[in-house]
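Written out below as structure tokens is the structure these notes cover.
Should a chain be cited, it is by its letter among A, B, C and D, assigned in written order, with residues numbered from 1 in that chain.
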Amino acid sequence: MRESLSPKRLEGSGRWLLKIFTGLLIVVFLGIHFVVNHLVAPGGLLTYADVVAYFQNPIIVVMEISFLILVVIHSFLGLRSILLDLNPSPMVLRVVNFVLVVIGAVAVIYGAWLALTIAGRG
Amino acid sequence: MPNQPEANNWPRWFDPRSRSLGTFGFILNRVTALGLTLYLLMHLIALGQLARGADAYDGFIALVKNPLFKLGELLVIAAGVIHGLNGIRIALNSFGIGVRCQKGTFIALMLIALFIIAFFTFKMFSEG
Amino acid sequence: MTEQLWQVHFKVHRQRTGGKPYVRTFTLDVDPEEYILDAVERIWALHDRTLTYRHACHHSTCGACGMRVNGREKLTCITTISSVTQNGGTVRIDPLRNFPVVSDLVVDMGNFFLRMDRSGFNSVAPLAAACLPYEQPLTAENSIDHEPERLVDCIECGLCISVCPAANTDKEYVGPAVLASLHLMYVQNPTQEFIDQADHHTGLWRCHSAYECTEVCPSGVDPAWRIMDMRKKVMSDRIKSIFRPRSSEKKNAQPA
Amino acid sequence: MEEGGDPHAELDRIMKTTQPSAIVIGAGFTGCALAYDLAQRGFAVTVVERGELASGTSGRTHGLLHSGARYCVTDAEAAIECIQENMILRRIAKQCIEYNGGYFVALDDADLGYAPAFFQGAQNCGIPVEEIDVQRALAAEPALNPKILAAYQVPDAAFDPLRLAMAFAASARQHGAKFNTFHDVVGFLRDGIGNICGVSAVNRHAGQPVDFRADITINATGAWAGKVAEMAGISVPVRPTPGVMVAYEKRVTQRVINRLCEPDDGDILLPQRRMAVIGTTSFEVEEADYIPVYPDQVKQMHQRAALLVPELENIKMRGAYMSARPLIGGLMSGRSLSRTFKCYDHQTDEEVNGLVTVTGGKATTCRVMAEKTADLVCQKLGWQRACETAQHPLADYHLYYS
């Protein structure tokens, strides 16, 4: 194993811990989400007006955006872990890393923009 | 030499033959993970309708009320519940907690998951 | 052992080096309490001298005779025929998964043994360390003249690697036995080296908690528990190291 | 030399042209130890083995590293050899031995009557033997039959059979020996004047014939030595003499428990890993390739085991197996190097040059068997290098695969 060490570790305790913590926070957020949804909008957010009204609360905006960040981190770390199981070459892995980071960043920026746009339409 | 580890063996991840309970947990976790990631991306794209204004979004919501979409939504909820509860087990195990009763924990959590899924099924289709 | 013999059909994986695999069926009259390895040996001795298989101790101390019996990883020298089939039944015998097949039922364990070696695996340990840490130590009081020692549980049979879904696709993953060995070594001698070896993408983090290794382990090593316990140890070490005064900077400053 | 440059290169060249070569048939304990010994003395060694390492008698041994006390009354020579080799293996093969010692316990008056001869014999053979107070023995081994009448402590140990063979093989490989497992020897090669100059074998993995050539061939096939020698038209009087061993699910004692009596069936109970292994019986067979495990012998072992440690009566059996000792029978036609094992130079007896057979012996004495055989081989080939296998620890057994 010592010989087979690649110069840079591709996964370690830090990323694992991050995955677990984001995972647990997602579970907590989802719980809050369901409770809040039922208290704020008992029938669900089924019309455009409902959604806009819901996003008027700044706490909701912050929560939704952090939720998105957590979900993106967790799912993309998980996806990367699955891809690592396929024993990719360092080159392929670099591409995978790049693609995942780009898609993740785009998803977060796009989501944040969306949330702020909706909030701004109030 | 067909038995060496090869990346193209990946379909065997999902092969439950002559496997024990732990692998069912592994398979469920992996399938739901992939499903939920796919859903996350689709969801973000679909919510783009919000930016296009009230008519676009309300039209979209009308489409989603279709039973087929409801079934999809239910699948997402089921996947989320299973992945979340199973994830709690794996997280605890990774801190060395409850490894030796992981089977019992798995069964208990999956029963809870079943219960929650049943609850949502009932709720969704009764409102229908 | 019962007197009544069973008729059992053994479907055995056959393959010459580099050749195409096929299945050959041998029908034997067996004592149901005989072990699978006895039947394989009899097939070789009395039916087909070209059959190749690995074996040595015939009582689960050497780990050479791991095979898949009806798809499931078994140490064949302690698996009775009656535990896997019935009279008139069929038993499939295949080589282990995730190892290169050399011929028939023989797989190449070389890479695995070298990984075990690099993990610092020592096959004899003081009795207290040879047990699983959560077990009651066997007997402490009988160390009258010296501390008893024991050949440790892991017999390097490779069943855990064969059954592991992660080892199925990733040839760099060292697998449950090596991680269990790192844990055992760390428990006996808590040095940073074992932490660093385990905290690696080919190590602890490739495990996806299918717990199959512990299911198939014929010796009670409980690799899954050891992997999870090692994760705990690695993570607590890494968290503590944040607050520890940095000695690594000093080390880095010196020319290597 | 003055213009020859590097003296090491020169030495290498000489070595290459004069380095003797040897084929060892069989990779049991003797074969592996012999390969190590010869390789360490500078031979180019090729090992040819029908199956995996230690897949015959060696792998299926009881796993007892004898103190020699078992033989100290009936065969002092064997006992002395055992204690000497015990001490050497303890030094060089620590990696695969649990060195916990052993007790000889007396269960009845007949056993007690044997005690004085035993104690005296052990001392005469140089075996560190100590009488232990019964209460103290029972405190050390609470599972022992509480009715024991006397207990003696001796330096017995348990080893892992496959790993012991692998450690010798790994050391041999580090000295350049080549192992060809799954190669079945089918005949001997002869040069123009009828001397044996190698073997022809079949690579069982590929199903292809392959020839190996060497200055000398050593038949180290133990219980199969007679069958292999037959291929050269030579008769070696080896009788496969199997005995049964039964392994239990629980390690009931930490020490080896021997019954204090003359060597008998089921008189040794050995702890190994999480198990206890009782052995053994003794009967002769013609053919050693397949020996069934006889249920009545298993039952007999079960009864004997329960005599030493009563709780074994109710402990589940984990495995039962047969192992065929290579017992040397017939007249002492060969050159006897020891009463426990024999080494035949077929040049002196049958006028077949190039073949030596070594057989008999025990796992505990495998190193000295190899040493004596290698001495004979060196003497035959006029090669003068001393044996050093007793001095250095063996290579880690994993490195067999390096």
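Methods note: contacts are C-beta pairs under 8 Å (C-beta built on N, C-alpha and C of every residue); 3 or more make two chains touch, one makes a residue touch a chain.
This structure is a prediction, so every number in the text was calculated from the model and none was measured.
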Central chain (by mean CA position): C
Pair sharing more residue contacts (C-beta pairs) when C-D is set against B-C: C-D
Per Cα centroids, the chain farthest from subunit C: A
CA centroid of subunit C to CA centroid of subunit D, Å: 26
Approximate Å spacing (C-alpha centroids) for the pair subunit B, subunit C: 32
Approximate Å spacing (C-alpha centroids) for the pair subunit A, subunit D: 63
Geometric centre distance via CA averages, subunit C-subunit A, whole Å: 38
Set of subunit B residues in contact with two or more other chains: 5, 7, 10, 13, 30, 94
Residues within subunit C bordering two or more other chains: 169-171, 173, 208, 231, 235
Chain contact graph, described as a line, ring, star, complete graph or other shape: other
Which chain pairs touch, all of them: A-B, A-C, B-C, C-D
For the subunit B and subunit A complex, residues of the former touching the latter: 5, 7, 10, 13, 30, 33-34, 36-37, 40-41, 44, 47-48, 50-51, 53-55, 57-58, 61, 80, 84, 87-88, 91, 94
Of subunit A, residues touching subunit B in the complex: 16, 20, 23-24, 26-27, 30, 46-49, 51, 71-72, 75-76, 78-79, 82, 85-88, 103, 107, 110-111, 114, 117-118
Complex contacts: residues of subunit D adjacent to subunit C: 51-55, 58-60, 63, 94-101, 136, 139-142, 153, 158, 160-163, 165, 182, 204-207, 245, 247, 251, 254-255, 271-275, 277, 289-290, 292-293, 295, 298, 318-321, 396-402
Residue numbers on subunit C that touch subunit B, as the complex places them: 21, 70-72, 95-101, 107, 134, 165, 167-171, 173, 208-212, 215, 222, 224-225, 228-229, 231-232, 235
Partner subunit C, residues of subunit B touching it in the complex: 1-7, 9-10, 12-13, 17-23, 25-26, 29-30, 89-90, 93-96, 99-100, 102-103
